[in-house]
Every structure is written in C-alpha cells, then in structure tokens.
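As written, the chain order gives the labels A, B, C and D, with residue 1 at the start of each chain.
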Amino acid sequence: MNDLIDSHNVLFIAAFIIQLLSIVFLSIKNERKALFSTNIVLLIGLAFGLISTLSSTLFTSAEISSRNIFSNFIRLDGLSIYFLFIVQLVAIPITIYNFSYLQHYIEQKRPIKNFIIFYLILLISTQFLVIANQAIFFLICWEAMTISAYLAMVLEREKEEVQRGSFYYFATSHVIIFVLYIFFFLLHHLTGSWFFSDYHILFSTGIVVPIIFILSFIGFGIKAGFMPFHFWLPQAHPIAPSVLSAFFSGVMIKTGIYGILRTFQFLNPVPEWCGWLMLCVSIISAIFGVWYALAQHDIKRLLAYHSVENIGIIGIGIGIGFIGSANNLPVVQVLGFGGALLHTLNHAIFKSLLFIGSGVVCQNLETRNIELMGGLVHRAKYIAIFFLIGSVAISGIPPFNGFISEFIIYTGFFKTANELKNYYPIIMLMFVVGLAFVGGLAVACFTKVNSIMFLGNERKEVKHFHTSIYDNSSLGILALLCVVIGFYPQPFVGVVNKVITNGFVKGNSSSALINIDWLYFTVIFSSIALSVFVLYLIKIKLEKKYGRRTSPAWGCGYENLNPRMQYTASSFADELNTIPKSVLVYHKKVEISETAFPLPSKFESHSKDFIDSKIILPLFNFLKLLVGKIEFLSQTDVRYYIAFILIIITIYSLIAFLWV
Amino acid sequence: MENVLSILFCLSLFYVVVTSRVKAYVTVLRVQGIILAILLMIPFIYHFSIFGIILPATLLLVKVFLIPRYINKVILDLDIKRRIEPTIQQMVFLPIVIASMIVIFLASNILSKSTELNVIPFASGFSAIVIGIYIIMFRKKLIVHVCGFLILENGIFLFGTAVASELPMMIELGTLLDVFVVVFLMGIALNRISNTFEGFEITDLGRLKD
Amino acid sequence: MLEFSIFILLPLLTAGFCYFVKDLRIQYSISLAVAVLHLGLSLLVFLGLYHTQLPTFFSVDSLSKFFLLILSNVYFWVVLVSFSYLKRPVMPKAEEGKKYYFLLINFYLTANSAAMLSNHFGMYWVASEATTLSVAPLIYFYRNEESLEAMWKYLFLVSVGIAFAFIGILLLTLSAKGTGLEGKQLFFWEFVRNAAQLNPIWLKASFIFIFVGLSTKIGIAPMHSGDIDATSNAPSPIAALMSGSLRLTALLGVMRIFLIIRPTTSYEFAKILLIIGALLSLFVAFVFMFKVNNYKRMLAYSSVEHLGLISLGLGVGGLAFIGAMYHAFYNSIAKVILFLTAGNIHRSYKSREVGKVYSVLTRIPKTGWLFLLAFLAISGIPPSGIFFSEIKIFEGILFSDKPYLLAIVLFFLLFIFINMGKIIFNMLYQKGKDEKPQTGTEKFELTHFISIVLLILLASVAIASPEILYKNIISITKDFGMNL
Amino acid sequence: MGIEILQGIISIIVILGVAPMFAGMVNKQKAILTGRIGAPIWQPYYDLRRLFKKETINAASSSFISRISPILNLVTLITAAAMLPVGFWKPLISFNGDIILFAYILGLARFFQILAAMDIGSSFEGMGAAREATFALFAEPIFFFTIGSISFISGLTSLYDIYHSIQLTNISYEVFIVICSISVFMLAVTECSRMPVDDPNTHLELTMIHEVMILDNSGFDLFLYQYSSYIKLFIYAVLEISFFYPFSKQSYLLGIIIFISGSVGLTFVLGIVETITSRYRMKNIPQYLLFATAIGILNLLIYTFTK
C-alpha cells in the first residue's frame, strides 16, 4: 500500500474520493441545491483528476513512467493517462452544462436525483475503465459504465422513442459483453494471466490470435460504432438527455477506440490484413456515416451519425498505424496512431460542444427537428458562434483542431506511400480522395445544419430563448479548446507523440510528428485572423463613410416573403441524398394537387438506417416467427407431461444402448 | 411361488386394460395389494418373526383397505360416472399393451443374462409401471389417473421385491406413507376440482399456458 | 444430536404446534425463531465451527453443507417476509390457506433439511417426496382455479417423476448385485467408494431414471411444465422457496448419482445426458421468453434457464463446475428478490399479465427500481454474483472439450436476456392508456428492506469472495474428482 | 532565404494586382470571339472601384456571418495564393503538406460563402448554396487526383516541390502530366464558376451557382466577393500554367516570360471554351465532374502500369 503515498497517486486518488463524496450532497432536500452542490463537488473532483493527470508528465518534459496502483489493478501508462485526460477534460464542461440542463427537469417535477447518481457512476466507471489493468476489473467497469449510462438514459422513460432507442443500446451492449468475455478468456488462456501488463502475444502463435483480433474488432467496434455495427448509435444517442449524448459521443464510444488500441498493444506487431480491414471498414464508416448524417432532420441523430464518421476517421489513422507496424515502419505508425489519438481528443471536444449546443437549442424549442428551427443567431449569438466553431472544426477545416488531426492522417498516407513504393501510392491516393470526399460531405452537412438552425428567419415562432451562463461557459471552454488546438497544435502534438513513443510503438521512437513544422500553421492562422480583424475595421470605417442600411432580401420582385419560403434542410441536401438512395433507404413523398383550386402540397423525405431496417429487425422478426411455430412444448394437458417423461426415458435409454 | 403371484399380477393388469368401469380399477388395486402383501409374507412361512410382520401388515392396511376405500368414497362423493373415458378404443389399447409387455419381457430376459435376477416379477413389475403410464396417458378421467398412478406404484413395489432391495423397514414404511398422502392430497384436489369445474374433465385444466 | 433436533425435529414439532395454535402471529414468531436457529446452525456447520454428529441415514459432507446453507438462507428470508405477506388484503378465499401456511412451511423445512442431510438414497427419496407433498398445498394457497390446476399438475407430475426416481434407486441396488455392496444399505458413500465394481448397464439405467424423474422437480426440460405452473401460481414467498431451494434439493439427488457414476465408464454418458438436459432447458427458456405474457411465468422460465446453466456446468465439469456451484448460491438469492418484488407488483396491479402492468417505476418506484436491479443482477451484470459465476461457467465451457457449446449457450442467453428485458421494461416504463401522470409514493416495506439486503449480499459475497466458501466449493469439486 | 521571401511577397502582390486584369482579358477574348468589341480589359478595375464607393446594404435577416464572410473569403484566397509558385518562384508559404492546407483553406472560404448565402434567408440564395456545396463536393476529388497523384508519385507534399518535380523524362510521364493539366483545367472551370458549369454574366436565372450566392450583397461586400473571385480565377490559372515548369528551368527571365505568355494563352483557351460551349443543365454537372475524376483515375492507373 505504500505505493499510494506517492505524490501523484495522492492527488489522483483524492480526485476519485472527492468525486465519490459528491453523492453525499444528494441528501439535500431541495433539489436545486442538491444538484448545485453535487455538481460543484464533482467538478472539483474532476479538476483534481485533471491536474493530477496533467502533472503526471503528460505536458511536462519528463517521460511518462507507467505506475501501478492497488496491486496492479490500476495501471497508468501513456495510453491510459491520455484517455483519462480526455475523459476528465470533456467531463468538466459537460458537468457544467448539467446545471442548466437539469433545471429544466426540476421545473417539470421530474426526479433528477437518480439521474445524477447514474451520471456520477458513469463518470467514475469510465475513468476507471481506461486505467484498469485487470480483465475482470475492466469488464466490471465496462458494465458499470454501460448500465449506468442506460439507467441515466431513460430519464424521460414514458416516451416511446426513448424506450425503443435505449433498448437498442441495452441489447447491443449485452452482445458486446459476450464478445468481450470470449476475448478475455482467450487472452487469459494464452498468457495465463488476467493482467493487461502481462499480455504480450506474437501474432504468429497460432490460429487463436487472429480470432482475438477479430473479437476485439467486433466487440470494441460495436462500442465505437464502426459502420456495420453502428446501428444502435443513431437510435440511442438522440433520445438520451443532451448531457448524456454529449458524453456518449464525446467519451463513451472512445472507449471502443481505447480497447482496439490496447489490443494492438497486446498483439503488436499485427499482420497487414488487420490494417487493410481497419482502413476499409473505417473509410466506409466515414463516407456513409456523414452521408447518413446529411439525410437526417433530427439534429441529434445527425450528430450521432457524425460520430460514426469521425470514428471512421480515427479508424483510418489506426489502420495506417497497423500497416506501419506490419511493415515495421515507426514513422508511419507514429503518424497513423498520432492522427488517430489527436482526432480522438478533438472529436471528444467538438462533438460534445455540438451536442451541448444542440441540447440548448432543443430544450428551448422543444423539438429536435431542424426544419422547425432557424434564425436563432439573433436570439442567442454566442451559442451560434460556438456552434459555428464546432462545425468548422468537425468538418476538418482550418484554422480549428479538426484540421490538425486530419492533416496528420493525410501526412500518414503520404508517408506510407513514400516508404513502401510499388502499388501503395495508388491505394493510398484512393483513401486520400475518400477522406477528401468525406471532408466535402461534412462541409455540406454542417453548412446545412448551421444555416438551417441559426441563420435566416425563425421557421417556428420562438417565444423566449433562454440561455444561462452555464451553457455559455461550458460551450465557451470547449470552443476555446478547439481554437487553441487549432492555432497552437505544438504542445498537444507533443503529448500525443510522447504517448505513442512511450511503449506503444516499438522501434526507435521517431519524431515524425514533431518534424512537421507546426509553427507554419500558427503563423498562417494567426495572420489570417489578424488580417480578417484589420479588414473588418476597415469595413466598418468604409461603412461609416459610404453608409450602410438593411433592407428585405431580394425576392425576384415578390414583396411579402415569409419564413416558410426559406430553403429547407431537406431541399438543401436532396441532391446529394438521391445519389446513394438505396443505401440511405431515402424516401421522398410529394403530394401536389392538380385541381383548379390547388390544395396545399406536401413534401416529406426521410431516411432509415440500412443495417437496422434491412438486417437487424428482419432477423429478429424472422426468429420470432420461427419460434412461434414451436407449439408442441406449450401443451397444457398433464397427460402430455407424462408422455414426455416416457418419451425422454426411451430416448435416453436408446442413447445408453448405443453408447460404446 | 413369486412367479405365480407375478403372473396373477399381470392378469390383473390385463383386466385393468380391458375393463371400462371405474369401480373395476379399485377392485384391481385391492387385488394387487393382496398379491403384494402375500409376496412380502412368503419369507415368514419358514421363519416367523413378529417384528417382520409389521411391513406386510401396513401394506395390507394401506393398499388394500385405506386407499381403495378412500377412492371409493371419492367416487361416491363426486358421483363420478362409472364409465372411464378412453381416448383410444380398447382394441387399439390392448395390442399396444401386449406389444410393450412382450418387449419388456424379452428385454428383461436379455438383461438377466448379465446379472441374475428373477425375470418374471421383474418384468411384470416393469410392465405394471408402463401400463400405469399408459392408463394415465390414454384415459380422460382424473380419478383414473390416480388409479393409474397407484398401479404404477404397485408395479414399483413388485419390481423392488424382484430386485430384492433391502430397504430398511422405516423407509419402506415411509414410502408407503408418502404414497398414501399423495393419494389423499389427490383426493382432496379432485374434490376441489369437481367443486370448481362442474363435471370435471381433463380438458378443463387448460388455463395455464403461454 | 442437537443439530439433528434443530435441523429436523424442531421444525416438525413447530409444524405440529402450528396445527394446534391458531394465532397467526404466534405461529409466525415461533417459525421465525426456528428459521433463525436453523440459519445460525447451518452457518456454523458451514463455517466448520460445529462438528456434527448425526444419526444413521444422515451425515454432512461439503455438498450437503453448502446446499443446506442455501436452503436455510432462502428459508429464513421467506419466513421473515411471510407474515407481512399473509397480512395483505389478498383474495378472500385464501383465509383457509393462511391457516395451514406455517404448518406446511415448517414441515417443508423438515423434509427439505432431511433431504439435504440424508446420506441414504431411500431416506433421500422419502424426504424429497415429502417436500413435494408439503409444497403442493402451499401452491393452492389462493384457492382459485389457476392455483388448483397448478397444484394438481405439480403434484401429479412430480409424484410420477419421483416414482421414476425410485425405480432408478432400485436399479441402483440391482447394479450392486454380485458386488461387495449386495445386501448392504444404500448409503451414498458406500456406493461412491465401490462405484468401480457396479454393473454399468444398471448404473446407466438408474442414472437415466433418477435424472429424468428428478428433472420434474428440478425443472429440466422437457419435464419443466409442472414446475412452471406451480412456481408461477404459488404465492411469491413459496415461489421464491421453490426456485431457491426446492429445485436444488432435487438437483442434489442427481449430483449424488452423478458422483457415483463418475469413476465408472459411464461417466461420459452421464455428462452428455446432463448437457442435453441443460441445452433443452435453455432452449425452452429461449422459446418461451418470446411468447410469455405473464411475468411470474417469465421468472419461472428464468429459473429453468439458470438451473439449466447449473446442470450444464455439472456436465461440462472443471471450472464450469465451480461456476455452477457459485451459480446455485447466487441464483437462489436473486430469485428470492425477483419473486418478492414481483409479489409486490402483483399486489398493486392485481394481475400477472404483462399487458396490465404499466409504469411501475412511477407508481411504485421502490419496488420498480428493486425489480429492475434484480433483473440486472439475474442477467449477470456486475457486481452481481451471477456475473462472476457465469464468467466461470463460460470460461469452463470454452476450454472444455466442447467449446462449441458456448456459442449455443450465449446465443440462447442473449435472446433470453433481450426478451426478458423487453417484457420488464414494458412493465416498468410503458404508460397506461388511461393513466394520468401521477408519481405514486410507496412506503418503505419489509420486502424492500429484504430485497436491498439480499442485493447487497449478492454483490458483497461475490466481491469479497470469502475464503471459506471458495474452500468448500473446491472440496466439493475435489469430491467430484474434477481436475482443475 | 531573404530573396525567397521577397519573391514570395512580390508574387502575392502580382496576384493581387493582375487578377482582375486576367478576368478582363478573358472577357475581352470572349467578346472578340463572339464578334463584339467588348469592355476594355481594365473593366474589372473600374467595377471594383465603383463597388468600393457604394453604400453597403445587408438583408434584413442577415447576421454577422454575412458581414464577416466576404472578408474571410478574400483573406483565405490570398493565403491560398501565397502557396502558389507564381512565375515558378518559391512561394511565401511552402512547407511539407501545404497541398492539404491549400485544398482545405479553399474549403474554409467555401464554407463561409455558403453560410453567408444561407444567411440571407431567401430560397434564392439557398439554391445557389446547395449547388455550391454539391458541386464543390465533386470537385474535391479532381484536385487530389491530379495534383495529389503527382505528389504521390514524386513523394513530395508541397505544391512548389510538386511542380518542381515535373520533368520531361519519359513519354508516359509527359502524357500523364498533359492529362493532369486537362483535368485541372476542368476543375478550374468548375471552381471559378465559368462555362460550361456556371455562367458568370447572368444573375437572375435560377440556374446560377456562384453569382446567385452573392446576389444580396452590395458595396464593399460585393467588392470583396468580386475581387476574391478574380483572385480565385487567377489562382487556378496559376495552377494550370505551372505545368509548364520544365520549360523554364534555365533562368528566372525565361520563367517569367513563359508564365506571362502562358497566362495570356490561357485567357484565349478560356475565351474559346466559353464561346463554343453552352452551360450544362444542372443535373448533368455532377456527371461532368465525375468525368473529370474518371480521367484523373484512368490517367493515374495508366501511368502506374506503363511505368
């Protein structure tokens, strides 16, 4: 136990203890006070954790030294600390948002205390999950995370969609845990140990290792939401309370990525087919994830599909890393995994930003359908700005953080093509084009979202749009992070580099990430910002000089334009959605009456998930049908029961006679 | 001697199979009880012991007097129709029974090669068990089911004597007691059933299902 | 002698006492005292602090110790809750049932303890038949048509089954012919010692008969029907008692004969039989979870599923056997919680149909949450003990000689889980048609307290994993000659 | 080092100065080819001056987006221009991977232009924005299949180096480069919203893309938009002309001469194309773009397998 006295660990453990303590404050009768005090204490705890994580050589110059606490049950090596850092970093703004989010439910007289408890368990179990070093402990944390998330998810449980979506999540998570059972059994069998730190397996040791890889790919892939396994994600995330959907997309699905990276660490080096598998699945997830997103009208569903896309991008990075490790190229590995890790952080940041922003909007408008939104920029300027920053970042457009990680991944592609000649360049180029295509789709999607939600005129009359300081501050923190990482990537890249070179990538720790001259970006972006500012001042001056006024928009001479004449989201995206109609299961219904006095015409378009609507549900229904056919077991007559005894005895006796 | 009794037992079984009156079942139960009692008595012909007589006495008491009387009482109380209601006619039932009895006899004959056991009581006991099951399976009346169960029990008893199992007397008594209580409870249940469902048919017992 | 009197005679006397004293309260307090004594003593015995001297036909080995502990644990909680349960305004017809409740339950305790402690097949047979007899009237507690039918079916089916088990026992004696055991008494350990000499044919036959016969009591498919009806129509404490301990009593018999058959050549055959039975039960649970629309029946099927898992563990052996032993313990606890909470739901909705039960979480929040937690516990969500035992079973299967079984088992378990979840969440969340959003407040009752305590027990035992329990289970495993 | 920075600055200034004239030349060529006298090539400058002095009118429902967007547009385009080897000189911004920055910084401009269009809240700009988004999406691959493929082959990731790496060594490579330049030309036509994808001269049809997006802008905003569109055109012109790099290896002077003549020649080509082609129907445009992409892929395949 003396290892607990270590200065790092004291702070570290203190953090968790404080977080646990916050549950005490729920005993306060007045719900508002209880909420407030609990979250405050929780925040303090998280802050402590973050400090301890940062102080543990993440941002300092020292090398990360992996420490074991609680007799190896907890291990803090580079990867764990990095993911712990992500969890705590993102959890803080989300928790801040909790204040204002739950006020709403208190007004509705909903019992929120359960929710807070489950949220607390969720946070803590997730933090423990990424630092767990023992398989059973890992599984326990995993299930604690899953189930507490589920229980918190059903806050508005009487709604039908909530039941449905949460059940998807629930059932899928059970599949995951079964897969993980077998995964860890095999690992245990091969190494004879339950501790992660003992898992070092050569891929060449027999058929079972590929099975391990596949299992981890499926199990953690379902959690992460790679394309064939993503079907639960767009069901579950929209119906969750916005706080949770932010946490889900921001942090929880990243545990899947964590798992896959861990598996890589166990099996390093992996053969090349793993890399190709990863790349193909990821590029599919990326392209179709964003394409599905484009087809959605439900903002949170749309964002959920964007998580699929971004997980795809992360997966691309990991795939590059795999290929690098297969060909024993540390440089490529560093670039691939570096891009993946940095994108994990970035996505955690901007995705939670977007979810919180959409949560604020949805709560005020009491709808998630973006076709009913619009003109909110005049209502809530700051929210609009933050959301805009988030969307620019998620589309991977400079000068924000999304671009940095995607840039690393691109560089990884170039590097791979460079290092291994012959047919590699052309394949890599294909992937590059795919990634660029994804970027274009993302731009289309987020211009749509922003413009329909925030710009133009209000499509639905908004009585009062209430934003609290908490919303703005939590969004502000996240937006600030986006900007900082975008403008000054150096330290973050350094962290990622350190994490990777610390026991993750074998071979000489090459500094390929550092070699990219990041200072260019800082200079270019800041000069852009500066010149925009200057030009803006000039513009103001000129407008002073030559005058400026506002007038209604030009409507081809038609005078009284009204908000319903604005361009809608579905028409914005229609042209793109009709291209992969069959995959998106994209239906349009147009009713135009041809009568002399035309009735109002209708248009509606919606897209179902292919995997869900064409594979999962049919299979389940088929099974149900099949089982329904089995009648002979449901006899009510006692004589049949007796007959069963006789029959079974005869059968068994026959077996006995035939037994050699 | 044992074989003779066993044959008698088998004959009683045949009677059960062909008869179509409930009362006949009770009579058969009595007869079988007597046969079993005699079977138990056989050893005491040679060396009599007052202590050993207890078991046959109880058997006689339970199987010949108490249970049949009780069943008769139930039949009278519930004025059950005297016809058993078979689900298949006798002309089909009898061949099945005979066939299975033949199978059993042959099988036990083969089995007796490996370990020496007196085949006839063994086989007849076993066929009583099977026939008891058949009766339960192919008759509608619940009271007949009870009789079938009792025949099964008798069969087991005969079977036990055949394999010459030395169960301690206390446990033998316990088994007898158990059987009696089972029948007793079944009687009560029948009473209730006939009160609850008028003109009780097995088909009425179809409420519990998925 | 003391332990014998406490385990067996005292409950018998109490039963007699309850026949004469009509006041329910007194009956309750006496039986509770007996239960406490029983629990305490069996705990002492289990901890090895008390060395037992039992008369012939009775003895204590690690297995019976363990099962006895499970029995008295379940029994204690059931008796504890019984009084408040009987005081409930249930159907008026149940008055008569109340009169005999404590009598029968005490008699049940006698019989069951005797069965657990017996080391003689005949004794075991008599005792377990007696358990059936004592439970059957309790099933008929509500005095309505369903319970009557259930009682009839259970009584009849199980009596026939037990009769078959008796045939099995006779065959066992037959198998002893011409060995040193001929003419000896049917003591387990005698047989276990000289198992090698037994005649394999008769041994196999006797295993078949005993296994099938007792399956009617254990609820191994396809002999599960009577059990399902009984468990689903009995009053909740009795249902808990049956799922928790009665099924294990029957399982004990199967394990005894399994133990005898182990050194012989027929061992593999017995294993296969157990596995077949287990898979059939899982299959049955899998099928009926799709159709069932009565939540008590659903719980009964879940019992079938879990007993199936246990016997699968027995059949597979090795680590899975240990897992099965743990599973027997945890399952009994979880079932008690489930049935008690289900009883609360039944009381406040007056219906066992899933369709008629809605928004439990808002109307009776305490029961609702406990029910939900119990469901999570039974479906192997940590920190519930079921999680740990199931992990052991699964790993045992995966690294046994039949790893493909795991795929089948997981498939069944997955769909059982999904359908159970569907049903339960419908009950908990679904808004009723005519319901106005009213958040009912439920006052804290004994059942809630018991459920919470048991949940904590379920988790804490699993996490603490006491050395003594582990040692005991290991010694059982040693008895069964499993190689770890 | 210093001289290179100087060159970079000069080339930016050149771009800023020459871009409108380039557009003017194109229009002039077009006019001549269609038998008109046409406006002088200085016309763009006059337009810009006029716009500069005009009053700014914002749509009623517009927000800060439509005020910031023109500026951002111009700045980003200048930044992009700063990565181009004007006159084959080393540009101001040139580092490994600036090709990606180039592509994405144009994306930034597009992003805000679309937003600004949607900001007006009239279905009119909406259509333009939607089309811009759609076609830009299909234009993206073309860029990567041309410039990107050269970079993948050469293993260099900076625009300047990429163009640097072009040599006239073997015939297959030359063919490859020529086809690349063709698809870059098609890309330029798309991105700069010229014929046959878009018609820069008309506003008020519902078939326009770029012009309709800036319909509700005026004064200084419009000035910025126009100016940046001129710069964009010139940027793509430079991308095109830079393919002539190998001929200018000898000296700076030759390079400059080739550059100027190349740009003049490009105006001819553009003029001719705009004269002889008519604008495609909207639903054909993606096919046009995919065709360009297909050329790129085919080209790359042929090259890799004839190499």
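For the reader, a short list of remarks on this structure follows.
The definition used in the following text is that a contact is a pair of C-beta atoms (placed from the backbone, for glycine too) under 8 Å apart; a residue touches a chain by one contact, two chains touch by 3 or more.
Everything quoted here is computed from the prediction, not taken from an experiment.
Each step here moves to a touching chain, and the least such steps from chain C to chain D number 2.
Each chain's centre was taken as the mean of its CA atoms, and the one lying most distant from chain B is D.
Note on interfaces B-C and A-D: more C-beta pairs are in contact across A-D.
Centre-to-centre separation between chain B and chain C, using Cα means, comes to 31 Å. Centres computed as Cα averages put chain B at a distance of 102 Å from chain D. Remark: chain A and chain D have CA centroids separated by 36 Å (rounded to whole angstrom). Chain C has its Cα centroid 44 Å from the Cα centroid of chain A. Looking at chain B, one finds that residues 133, 136, 145, 205, 207-208, 210 touch two or more other chains.
Chain A has residues 634, 638, 642, 645 in contact with two or more other chains. Shared interface positions of chain C, i.e. residues touching 2 or more other chains, are given as 152-153, 156, 160, 288, 291. Under the touch rule stated earlier, the contacting chain pairs are A-B, A-C, A-D, B-C. By the touch criterion given at the top, residues 57, 120, 122-123, 125-126, 129-130, 133, 136-137, 140, 145-146, 148-153, 155-156, 159-160, 163, 166-167, 169-171, 173-175, 177-178, 183-186, 199, 201-202, 228-229, 232-233, 288, 291-294, 297 of chain C touch chain B in their complex.
Of all the residues in chain A, the ones that touch chain C in their complex are 109, 111, 114, 136, 139-140, 143-144, 147, 151, 154, 157-158, 162-163, 167, 170-171, 174-175, 178, 181-182, 185-186, 188-189, 623-624, 627-628, 630, 633-635, 638, 641-642, 644-645, 648-649, 652-653, 655-656, 659.
Note for the complex: chain B touches chain C at residues 111, 114-117, 129, 133, 136, 142, 145, 149, 152-153, 156, 159-160, 163-168, 171, 174-175, 178, 181-182, 185-186, 189, 192-193, 196-197, 205, 207-208, 210.
Interface residues of chain A facing chain B in the complex, by the touch rule stated above, are 634, 636-639, 642-643, 645-646. In the complex of the two chains, the chain A residues touching chain D come out as 374-375, 377-378, 381, 384, 388, 392, 395-399, 403, 406-407, 410-411, 414, 417-418, 423, 425-426, 428-429, 432-433, 436-437, 439-441, 443-444, 446-448, 450-452, 454-457, 516-517, 520-521, 524, 527-528, 531-532, 535-536, 539, 542-543, 546-556, 561, 563, 565-567, 571-576, 579.
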